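In the part that follows, the structures are each spelled out as structure tokens.
In the two complexes below, chain A is the common chain; its partner is chain B in one and chain C in the other.
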Partner chain A sequence: MRLKRYIRVLGIFVRASISAQLEYRVNFAVNLFGSLLLAGGTLLGITILYSDGTPLGGWSYRESIVVVGLFTLVQGYIGAFLYPNLNKIGEEVRQGTMDFNLLKPVDAQFLISSRNINVFRLTDALVGAGLVIWAASGLENASSIGALLGLCLIVTALTIVYAVWFMLSMTAFWFVKVGNVTELFNGFFRAGAFPVSALPGWVRLVFTFLIPVAFVTTVPAEAIIGRWNAGSVLGSGVAAVLLLGVSRWFWTYAISKYTSASS
Partner chain B sequence: MRARLNKTWVLFSVWFAHMSAYRAEIVIWMLSGAIPLIMMAVWIGKARAAGGHTGGFNEQQFAAYFLAAWITQQLIVAWVAWELDYQIRQGHLSPKLLRPLDPMWEFFAGHYSERLVRLPFMLLIVFAGLLIVPGTRLTPDIWHVLLYTLSVTVAFFTRFLIAYCIGILAFWFDQATAIDDFYFVAAAFLTGAFAPLEFYPPALRAFIEWTPFPYLVYYPVRVLTGEAPGPEIARVFGVQLLWAAGFYALRSALWRRGLARYGAVGA
Partner chain C sequence: MSHTDHSTTPVIQVRDLEKVYTVHEKEPGLRGSLASFVRRRKTLVRAVDRISFEIDAGQMVGFLGPNGAGKTTALKMLAGLLHPTDGFVRVGGHVPKERRTEFLKNITLVMGQKQQLLWDLPALDSFLVNQAIYEIPNDEYQATMREFSEILELEGILKKQVRKLSLGERMKCELAAALLHRPRVLFLDEPTIGLDVNMQVRIREFVAEYNRRFNATVILTSHYMADVTALCKRIIVIDKGHIVFDGDLSALVEEAAPGKTVRLELSENVSDERLSFYGKLTSREGLFADVLVPRNETSRLAARMLAELPVADVTIEDPPIEGVIGTLFAGTNRQAVDAVPAGAEQAAR
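Up next is the complex of A and B:
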């Protein structure tokens, strides 16, 4: 019953976002061009890294393109769902309009995470998904089981990204002036365009455990190309649940400290 | 002359004070531009897998190249396209037009003094990088540092003018910042921040050489690391100055036409 209500509210948000943005139809062409440029650039980068004919961290050229596709897909997810919502938290805390979210009869975290959807940025997700399907279709070890597992791992990956992004943007409750803190994620996430085994020694450990970039692109890609191992699949699930739990706790802690703008 | 010097000094010191207040934000922006540092790790990993070196670069040479590329990228950052776009659309440009000074110089002072705020943290990262990859020599001597300072200053001015030209487009349509985003993606792969241009396919490299991109990062880096011989340094300065002059002329032409269209919102 409650779930049904949340789905209905989400439907209203999606419809409102779409109808608000259809006014700016040129944006679709602009964003599509941007997505193709990003994917093209990343592909060019991979091609340069493979130009001497040796594999990168044990991954073949086609296998790496699966990673590039997932990287582009996650960029689209961030641009379409996370950025237009979570990056408003700072402004709302500063102006005190966060109050209105806390007063509504739905969960406030749900509300501030789903109000706006930038539909045009989904072009990144489309281009990314296209790359993954194209690259995987040419690989022998790709199977339907792997694809299914890959899909589950993409869901855990997106959960991880949401939790990290949400926690970063919640620092706005304390540091009102630092409005660009999520750019930190953008900077380090660039490493997600490559299989994590391409990085040397301890850098790989940093991008697996300290900054969980490996779970976002490499682990789902391993499943899709038929090379998964139980350890990282389990690790991905545990990381997602753990980070989501911590971010929820952090949220309740943050709003308990929130005193509105003028009080 | 003296009054003019005095004005310049006031302009820069005011902007330095302003930027110092935002030092935490600036450090975050610095870390968000981490592409050269990530690529350093990837290329060192590749050199190790290939038994010590690949394409004529060993670990230390990759470290020197990408640390220099990171510094260069930090020093040429320009956000004036976004600022100009915002001020044109919101009408904040109007009061600036009344002053007896082209607004460009105020934006320029803001960008330039921000470099000073970046400097301490930049040295910290470079020092850490040199410790992490032992045996790395960033630059052969002080002369290369001085030549690099000149080269990177021209590179910064060029990038600033490119961003300014893009920002001026906001006089005509409301997607100017999207064009700056396109520039950003193209620059990430064409300036040499992603890989030394030696690794690019020859046809693509020949094309890139005719664009301003390699003169923003790749060539200044070669000057700093001492890879560029004397004649190359002279050629690089010549081409850099040509690009800077070209974009200066373009920005003046665009500015005159754009200003004629300016509707001064909210005035």
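Up next is the complex of A and C:
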């Protein structure tokens, strides 16, 4: 009953977003071009790195491309779903329109996380998914079980990214300008374009535990190329559940401290 | 909100409600910015200071008070937006800050200075979003829209992009969006601010009609005295977070203005001294004179003037409400009441 209502509301948001953006058809072409350029640039970098044919840090050329593909896919997810919603929180708190989200009889966290969808940024996700499929299809260790596991790990990865991004945006309740905070996150996240397990030990630790970038691209990639280990898989699931729980707690705390813009 | 108990227990119960804001102070300029960056100075603002009141179902109550008195803060606590620092609040039996679905489906908060409508889309699109969020069945939605369109004259403006609407048209749409789910409790915070007199009157009529039709409980704050006097029999005056008056509008007038004005038109000249014998001479222009007399002696003194003076015509008036409230605040703390812009008086006619 409840779920049905949420799905219906989500459907309305999606439809409204699409119909608002379809007015600008040129945008679609421009975005697709941008996505290809982005992926192409990273690919070129990887190709140069691997130009002498030796694997880097135990990752072959094709295996690295799986990571690039996942990175591009997650970028698309951020651009399409997270950025248009979560980066508005600061503005809404400043102007006081956050009030209206809190007045509605649906979960306000759901509301502020799902209202706007930038459909054009889904091109990134498409290009990313294409890269992953293309690269994995040429790997002998890739299996359907690995692919299935990889899919699950992509879901936990997206959950982790959402939770971290959401918590960073939530700081808007105290510091009204948070654009910089999420930019910082984005900067770190760029590291996700490369296999974290190919990096030196201490960097690896930072990118696994401090900033969970490893779970976002490397771990799902390891599953897809057939090299997963139970520890990372379990760690990814635990991290997702934990971070989601903490973000929920943080949200509850933030709205209990919310003072609303005076008017 | 159960429909069985609203006749017995008050819909809104507030006891010793309190809200303290923590404000970080900053000196102006770069030096001030640096100083506050290193060490933030905190001050506490007691915006609402232990207020108590109860409101029965179907009542319309006006909140009056100068700017910064705490009216908005009080409404936001009632609507569940702000968590009270201390005190007891129940709205329809619910604790507002828990923001339960049944609670939120039965209230609305309209803020004249904020808007919920999507800026780039027609108002109708925002309505559809609200229809889904509030789970309004299609037939009920259609019926409500028909009624609202009729009273608010929404015809022709629902399909225009919100940013292309005039302020008044937008406010009508805001009201419709906020009341689409037919809430039983309305918190209206300066819903007519910035609107011209005609629009103020239209919105006032709409609120009155809504109250009548749905037996809705309404708390209204307004800059315009006319809104409050036209809609609310009961007035709560808030000043510096305290309730300084709670009662009938007429009692407020009586308390704040213990006098009435006897307006005389004389048939021949009479000296100021002679007129001052009956009361305070507040204005004098040739044969026209206003004499302020104690409220409880009005009829006796008016009769004496009629008998003893060459009177051509006489009227007895209450002093204008704006002035009354003004003197009420002037008396308690030398602060003027919220500005009463030109237009409010005309609107009162």
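By our rule, the second predicted complex is superposed on the first by the 259 of 263 C-alpha atoms of A that agree within 3 Å, B and C clash if a C-alpha of one lies under 4 Å from a C-alpha of the other, contacts with A are read in each partner's own complex, and residues count from 1 in each chain.
Keep in mind that, in the parts below, a residue touches a chain if its C-beta (ideal position, glycine included) is under 8 Å from a C-beta of that chain, and two chains touch if they have at least 3 such contacts.
Keep in mind the model is a prediction, meaning the values are calculated, not measured.
Of the two partner chains placed by the overlay, only chain B lies in contact with A:186; chain C stays clear of it. Once chain A of one complex is fitted onto chain A of the other, the partner contacts of A:117 are absent, as it touches neither chain B nor chain C. Taking chain A as the reference, the larger set of touched residues comes from B, when chain B and chain C are compared.
Once the two complexes are laid over each other on the shared chain, residue contacts for A:194 go to chain B alone; chain C is not touched. In the superposition on chain A, A:260 contacts chain C only, with no contact to chain B.
With both structures placed on the common chain, the touch criterion links A:37 to chain B but leaves chain C unconnected. The contact surfaces that chain B and chain C form on chain A in the two complexes do not overlap at any residue.
Those residues of chain A lying in contact with chain C across their complex are 5, 8-9, 12-13, 16, 20, 95-97, 99-100, 102-106, 108, 111, 256-260, 262-263.
Residue ranges of chain B in contact with chain A, taken from their complex: 22, 24-25, 28-29, 31-35, 38, 41-42, 44-46, 48-50, 54-55, 175, 178, 181-182, 185-186, 188-189, 194-195, 199-201, 204.
Contacts from chain A toward chain B in the complex involve residues 26-27, 30-31, 33-34, 37-38, 41, 44-45, 47-49, 51-52, 54, 56-57, 175, 177-181, 183-184, 186-188, 190-191, 194, 198-200, 203.
Listing the residues of chain C that touch chain A in their complex gives 21, 72, 76, 79-83, 97, 99, 101, 104-105, 107-109, 111, 113-116, 118, 120-121, 125, 128-129, 132-135, 189.
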